[in-house]
Amino acid sequence: MNNFAPRVFFMPESIFRHTHRVIYAECTVGNHVYYARYLDMLEAARGEFLRSLGRTALQWQEAGLAFPVIGVEISYKGFARYDDLLAIELWAAEMRGVQLNVGFRILNAGGALLAEGVTRHVCATTDEKPKRLPAELIEALRPFLRSGDIEANAGRR
Amino acid sequence: MNNFAPRVFFMPESIFRHTHRVIYAECTVGNHVYYARYLDMLEAARGEFLRSLGRTALQWQEAGLAFPVIGVEISYKGFARYDDLLAIELWAAEMRGVQLNVGFRILNAGGALLAEGVTRHVCATTDEKPKRLPAELIEALRPFLRSGDIEANAGRR
Amino acid sequence: MNNFAPRVFFMPESIFRHTHRVIYAECTVGNHVYYARYLDMLEAARGEFLRSLGRTALQWQEAGLAFPVIGVEISYKGFARYDDLLAIELWAAEMRGVQLNVGFRILNAGGALLAEGVTRHVCATTDEKPKRLPAELIEALRPFLRSGDIEANAGRR
Amino acid sequence: MNNFAPRVFFMPESIFRHTHRVIYAECTVGNHVYYARYLDMLEAARGEFLRSLGRTALQWQEAGLAFPVIGVEISYKGFARYDDLLAIELWAAEMRGVQLNVGFRILNAGGALLAEGVTRHVCATTDEKPKRLPAELIEALRPFLRSGDIEANAGRR
C-alpha cells in the first residue's frame, strides 16, 4: 500500500481519472459515504477506464472475456461527504499471466485522500475458465502501469 | 391508497408479516432510511411471502413463471431509523388476469406507520410473454386478499 | 400518468436532462436494472436539476430548507441494460403551497421509454416543519412546469 | 489470510454466525451477488455480533463510542446466488490498543466458502478521537479471538 509514494525513477506515468458526484443514496448516518459504496464507484471508474482503452467491458464480454474481481483491499483515510466531487484514480498495479491488479486512490476536490487500495482481477472466459490477459489489453494498459510495478513485473510477461 | 382504512364488512383477513432490522447501509444523512431502500426491503418481504405460500420465486421461475414489477406507488409517512426493527406487511390488493397488485405497509416496532403503497406485478413467462396468474397462486393468495379488494374483484376471475 | 402526452397548447416547455451510465452495481439477475435503483438515479438527476437552477440541495439546506420525498409513483415500461446510457428527464409537475411534484421519464439511448412517474416532495425547514416553496425556487422552476400543470396550477400560487 | 487454516493448539474457539438470504437487490448480471454487497451483509452481521455481546452499536454510540471501518480485505472464492442462505461467520482477528480487526468467512448452505477476509476498525469517540477498546468489549470478544491471534496478541494488552 506504499506504492502511492512518488516514484522518480520512471516517468511519466499515466493515471486514469474518473469523477463522481456523491449523492444521498451513497451516504449514511453522520454524513459520509458508506464504506461499501466506494466499491460501486470503483466499478464505474473501471468501466470508463476500459472504455477509454478501446473496448468496453461489454465488448470484451462479447469477445468471450471477463475480468471478475477476486479480491479487494481498501484503506479508508477520510470521509467523502454529500455532494463532494470525487476523483477516482486508477492504474495497473500488476499484470501477470491471468492476473490484473488495479490500483486506486479516491480524492475529494480539495485533494484529500479518502481511500486507496487495489482490486484484484482475473481474466476468464465467459464459461469461467482462467485465460491469459489478452496482449491487446496489456499493451493498452502499459502506460498506466506504475513504475515500481513495471520493475516488479519485468520479464514476467 | 385508501385501502388501508379499516374494513368492517369482511373479516378476518390475513396479512403476511416480514421483519427487517435496519442497518447503516440503508440509512442516509440525517439518520433515516433512504427512500429507495424500502423497495429492497419489499422485495425481500415478497420473496418470503411467496416462500410461505408454497413456492419460492426461484421455483416459480424454474416452472417458467416470473412476476416482474411494473409499477410502484409508495407514500412515506415517517422515518425508519438505524437499528429499527421494521414490520413489512403484505397482502394481495388485486388479482386479475395477468395482474397482481401487492399492498404493503411498513411499521416500526412502536407501531408507527412509516410507508404504505402497492407494487404492481404481471405474471410473465420466462421469455417475457404475459400469462394469466396460475390458479395455484390465486388460491394461495386468496386469504391475503383485502376485503374491499375482494368486492372489487368479485366476478372478475 | 397521462401527462407525458404531447401538449400543443403551451410551448415550448423546458425539460431538465441528466445522463447516467448503467453499471453492474445497478443490475440484477437477467441483465436489467433493479427496480429500486431508478430511485437512486432520480435523486442524482434531481440534485443536478437543483444545481442548474442556481442552488444545490446542500445550499438550500444551509439556508434551512429541504425537499424530502413523501411519495413516488413509478411505472416500468422497459428494461435498462448494463452499460446503457440513460437520459433522465425531469420537470415540475406541480408546485403548490408546500408541495412540489417532480415528473420524470427515463429513456435509453435509442429513445425507448423505460420508466416514468412522479416524485412528490414537500418543502420543509431543517427542523422538519412544512414551509411554502420559496419564491426563488418557484421562479426558477417555472420554465420547467408542464403546460397541463400550469393550467391546473393557475391562480393557486 | 492464512488464519482460516485449522488451528490445533488452542480449542475450542467461538465463532459468531449470522445468516442472510440473498435477494435480487444484491445480485447482478449473471446471477451472482455483486462484490460490494458482501460488505453490506458484513455490516449487518457485525451489528448482530455486537448485539449478542451485550450492547448494540447504537448503545455504544450513546455511550460515546463507535468502531468505524478503516480497512477491508476481502477475497472472493465462489459465487453466492439468488435465494442462497448464507452463513456469515465472524471472529476477533486482533484486538490491540485502539484497533479491532474482525475476521470473516461467508459460506453458502452447502458449506462452500464464498468469501473471506478481515474488516479493520478503530475505536473512536463520537467526536472522532481514537480511544482504547473498552475492557468490556475486549472481555466479551475474548472467546471469539482466534487462537493464532491470541498468541500473536499475547502480552500486548
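Just so it is clear, A, B, C and D label the chains in written order, and each chain counts residues from 1 on its own.
FYI, contacts are C-beta pairs under 8 Å (C-beta built on N, C-alpha and C of every residue); 3 or more make two chains touch, one makes a residue touch a chain.
Computed from a predicted structure; not experimentally measured.
Across C-D and B-C, the chain pair carrying more C-beta contacts is B-C.
Of all chains, the one whose mean C-alpha position sits at the greatest distance from that of chain C is D. Centre-to-centre separation between chain B and chain C, using Cα means, comes to 25 Å. Between the Cα centres of chain A and chain C there is a gap of 32 Å. Distance from the chain C centre to the chain D centre is 39 Å, each centre being the mean of its Cα atoms.
Residue positions 24-25, 36, 39-40, 43, 82 of chain D each touch two or more of the other chains. If you check the complex, the residues on chain A that touch chain B are 24-25, 27-31, 34, 36, 82. Residues 35-37, 39-40, 43, 68-76 of chain B touch chain C in their complex.
Residues of chain D that touch chain B in their complex: 21, 23-25, 39-40, 43-44, 47-48, 56-58, 82-83.
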